[in-house]
Amino acid sequence: MSLLELDNVTLAFGGVKAVDRVSFAVEEGEVFALVGPNGAGKSTIFNLISRFYSPQEGDIRFDGHSILDLAPEDIADLGIARTFQNVELFEQATVLQNLLVGRHRHRRTRLWQDILFTPFVRREEVRHRIAVEKVIEFLELEPYREKYIQGLPYGVRKMVEMGRALAMEPRLILLDEPASGLSVEETQDIAFWIEDMRKLMGITVVMVEHDMNLVRDVSDRVLALADGRVLAVGTPREVQTDPRVIEAYLGPEEDVA
Amino acid sequence: MDALQLLVSGLANGCIYGLIALGFVLIYKATEAVNFAQGDMMMLGAFITLGLNNEAWLGLPFWLAVPLAIAVMAAIGYLLDALVLRRMFGQSQIAVVILTIALGFIARFIAGAIWGHEPQSLESPIAGMEVRVGGIVLGLDEVAVIVVTVVLTGVLYLFFSRTRLGLAMQATSQNQLAAYYMGIPVKRVHSLTWALAGAMAAIAGILFATKGAIDPNSGLLGIKAFAAAVIGGFGSLPGALLGGLIVGLVEPFSARYIAAGFSQIMPYLILLLILVFRPDGILAQVRQKKV
Amino acid sequence: MRIVFKTSHDADIRLWKHGAQLFWYLLLLAAAVALPLLLDDFMLGEATNVLVWAIAGMGLMLLVGHAGQASLGHAAWLALGAYADTLLQTRAGLPFLMSLPLAAVISGLVAALVTLPIMRLHGIYLAIATLALSVLTEDIIILAEPWTGGVSGLFAPDIEIFGINFNRYTNPDGLYWLVLAITVLITLGYANLLRAPTGRAFVAVRDSEISARAMGVHVARTKTLAFALSAAVTAVAGALMGHMAGVFNNETFNIVISIYLLMMIVIGGLGSIHGAFLGALVIGFLPQAIALLRSALAGALGIGSITIPGLETAIFGAILVAFLLFEPRGIYGRWIVIRTWFELFPFYRRDMFRRQRSYLKTERMR
């Protein structure tokens, strides 16, 4: 059984089909990339999985169960974490607090316990902090842990967002353009981290990415989209050499770098 | 009181609410600021006219005092934007709300310090006159309020559809950035919108002080007018007038047919119902944010 | 700058950042406890007043400063607290120690019920709905005359705990200490909340609803909870106000009080507990400051001291305008800047605290 399955999913805004009968399955433990030109429907697919949008047709299954009757708030509980294309952090909070919000799905304390800050809450907080410190160490965020998000450089913000998703200890992580706006060195770091996420943490990764080098380096399989439709699925090499993909995505004359 | 008289006085009140609401919506559409001081600007406009016109103060002729007061209020509106509101750019809407409420407090104090706290009426040429329509006696002041509102609505319509400034205001309200790129001086258009709202407030104030008495706390009427603007659909000019008329009519009729205390409650009950079931108002124009 | 070396998770969790901070807080508390020895009865009454405003301010701060939801109608919860507390004592015969927490619980539950349908409203629309609720509360008080006494109002009995009377004139010290104890308890609860998951959920909803949802935070539930807690705390302040005023009616908690409360926390500094206290100090001592200024002016100009209605409100409004234009972060925000300047001297950079989007979000994206 696949971890995540999209089955004939269609979503139209007005008359425009943003996602048109898209089906694919992501296996547990793989790195799966969605590629395609702007407006192909990649981020829309993420928003469908996050339940911010509801498809007009088709089904989305996680771990064999349909998620269409769940609210967006319930998706995190399944162990699905995500990042956003235009980094969405809690701006007036510190890096540490942002990461701790990622622990929300592991919360076990009740309101009255929080208000009294009972020993149980203290133990829980220590537990959350141990998990978060691991993420801080992993993503090398130590210099920023007490800093407020506002005023942090863009690259760091992207790392914090990824860290917040990892703090959830998810089974599946959706990365929306993790390398966009980053330098070459930072992009290489991302490649290592994605590898580690899969190998060390056992997290399945689905990402939207324009940087074909990164996609080729880290992904097991690639799905190419154009105008909301699936063009091809396969290994990075297969997809990159698929004539339909070259035609629609890379353009007829462009050199495949 | 006869139902028709109730209707006319309700319509007259509603027109004044509508005119204040129109001021709110004008400013909101153009600048996204919510001006809670619009009611106090109405009060100030009324007092300025009264101070210029009444025998007890300057005693200028009515037809000189009115345009002067409108001009003064327009200038105040312009300056408010240029000196205060413009500096709030980038801060939250609520910050602007609190700011304008504070400005209202200050306006109320100034009016009280200059003109006192006793209710006063504007000594207009039509004060106390009556008209008879088929055996029913109506106050000329109330009829005048309705007539002036209808004329003003027509003038505003022509202003927004025919004049360069009106079109510029419309463009700015729809997309500030695009308007800026098209060479519209957005900042000046904003200030001119405030000037227009100031002038509208003056007219509403003049009408209010003609048919009733004004005191520094009359500006609190603005809250009810604000409810009217939301009922009609915040961001829609016809909606503002419609909302004003609804509130104006609901008040006397609920007092008459339900219970006296209900004239106070009904506008806010309607407001809450609208907010719960149709949050964008009767004539909605707000688009949803794209995720 | 002070570098804090953290060697355990407790260093992050506890309420003070370093020993010196704990020392200052304890010193402040000691000074607060010793205050009745230093002040005359009148000034002590004012100090009690400031504490009550601070409680109300914390109630609103929780909602506006931390959960990011606007309310222009918090006087409604002051009113509910005052009426519920007094009625529970006079009609149900409950002692103060039970009526006060019950009044808070009742207000919290009512707030949760009432705000449930308006919770999906955003920004300005939510503010308007709360404004309408506040206006309606005034009218409901008049309509419910058999219970509330309508326009003639209700008499609040003296606070009595185990036979000790806390009348504001016969036992001002006792009343002050009682209010101080309540204030300290609420402050601790508030601070605890902020370092626990609930507080973080509030901040998450304030700063980005969309990512809060992606993290599994139930946005509507969190907002309702914030409203309920906020109303409960505000109701405590309202009950105390009722006891201190002795008699109150529909106009005691009018719309102007709602706006005062909001202005107070903006001046104090949104987003921090300190802001609620600083704002309360301003609102509590402003009348005294104006009176002093007025008599000084009258002395200098040789005119008799005259009372000008609305002067206080206007000056308060002017202070608010000045803060919004020149220091939107409020007194506490300014204090942080000054403190950092001294700590870093001479390495402070001008843009270190460059102005950012405020806590309450703009709706310009719509």
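Chains here go by letter, A, B and C, matching the order in which they are written, and residues are numbered from 1 within each.
Methods note: contacts are C-beta pairs under 8 Å (C-beta built on N, C-alpha and C of every residue); 3 or more make two chains touch, one makes a residue touch a chain.
On a predicted model such as this, the values are computed, not experimentally measured, just so you know.
Relative to the whole-protein C-alpha centroid, the nearest chain centroid is that of C.
With respect to chain B, maximal separation of chain centres occurs for A (centres as means of Cα atoms). Chain A and chain B have Cα centroids separated by 50 Å. Distance from the chain B centre to the chain C centre is 33 Å, each centre being the mean of its Cα atoms. Per-chain Cα centroids separate chain A from chain C by 40 Å. Residue positions 52 of chain A are each in touch with at least two other chains. Shared contact sites, meaning residues of chain C that touch two or more other chains, fall at 210, 357, 359. Counting partner chains per residue, chain B shows two or more touched chains at residues 291. Per the touch definition, chain C reaches chain B in the complex via residues 70, 72, 117-118, 120-121, 123-125, 127-129, 131-133, 135-136, 139-140, 142-143, 210, 255, 259, 262-263, 266, 308-311, 313-314, 316-318, 320-321, 324-325, 328, 355, 357-366.
Here chain A touches chain C in the complex through residues 50, 52, 72-77, 81-82, 84, 88-93, 96-97, 100-105, 107, 109, 111, 113-117, 121-122, 124-126, 129-130, 150-151, 164, 168, going by the rule given at the top.
Of all the residues in chain C, the ones that touch chain A in their complex are 9-10, 12-13, 189, 192-193, 195-201, 203-204, 206-208, 210-219, 225, 271, 354, 356-357, 359. Interface residues of chain B facing chain C in the complex, by the touch rule stated above, are 32, 34, 84, 87-88, 90-95, 97-99, 101-106, 108-110, 112-113, 117, 216, 220, 223, 226-227, 230, 234, 261, 264-265, 268-269, 271-272, 275-276, 279, 286-289, 291.
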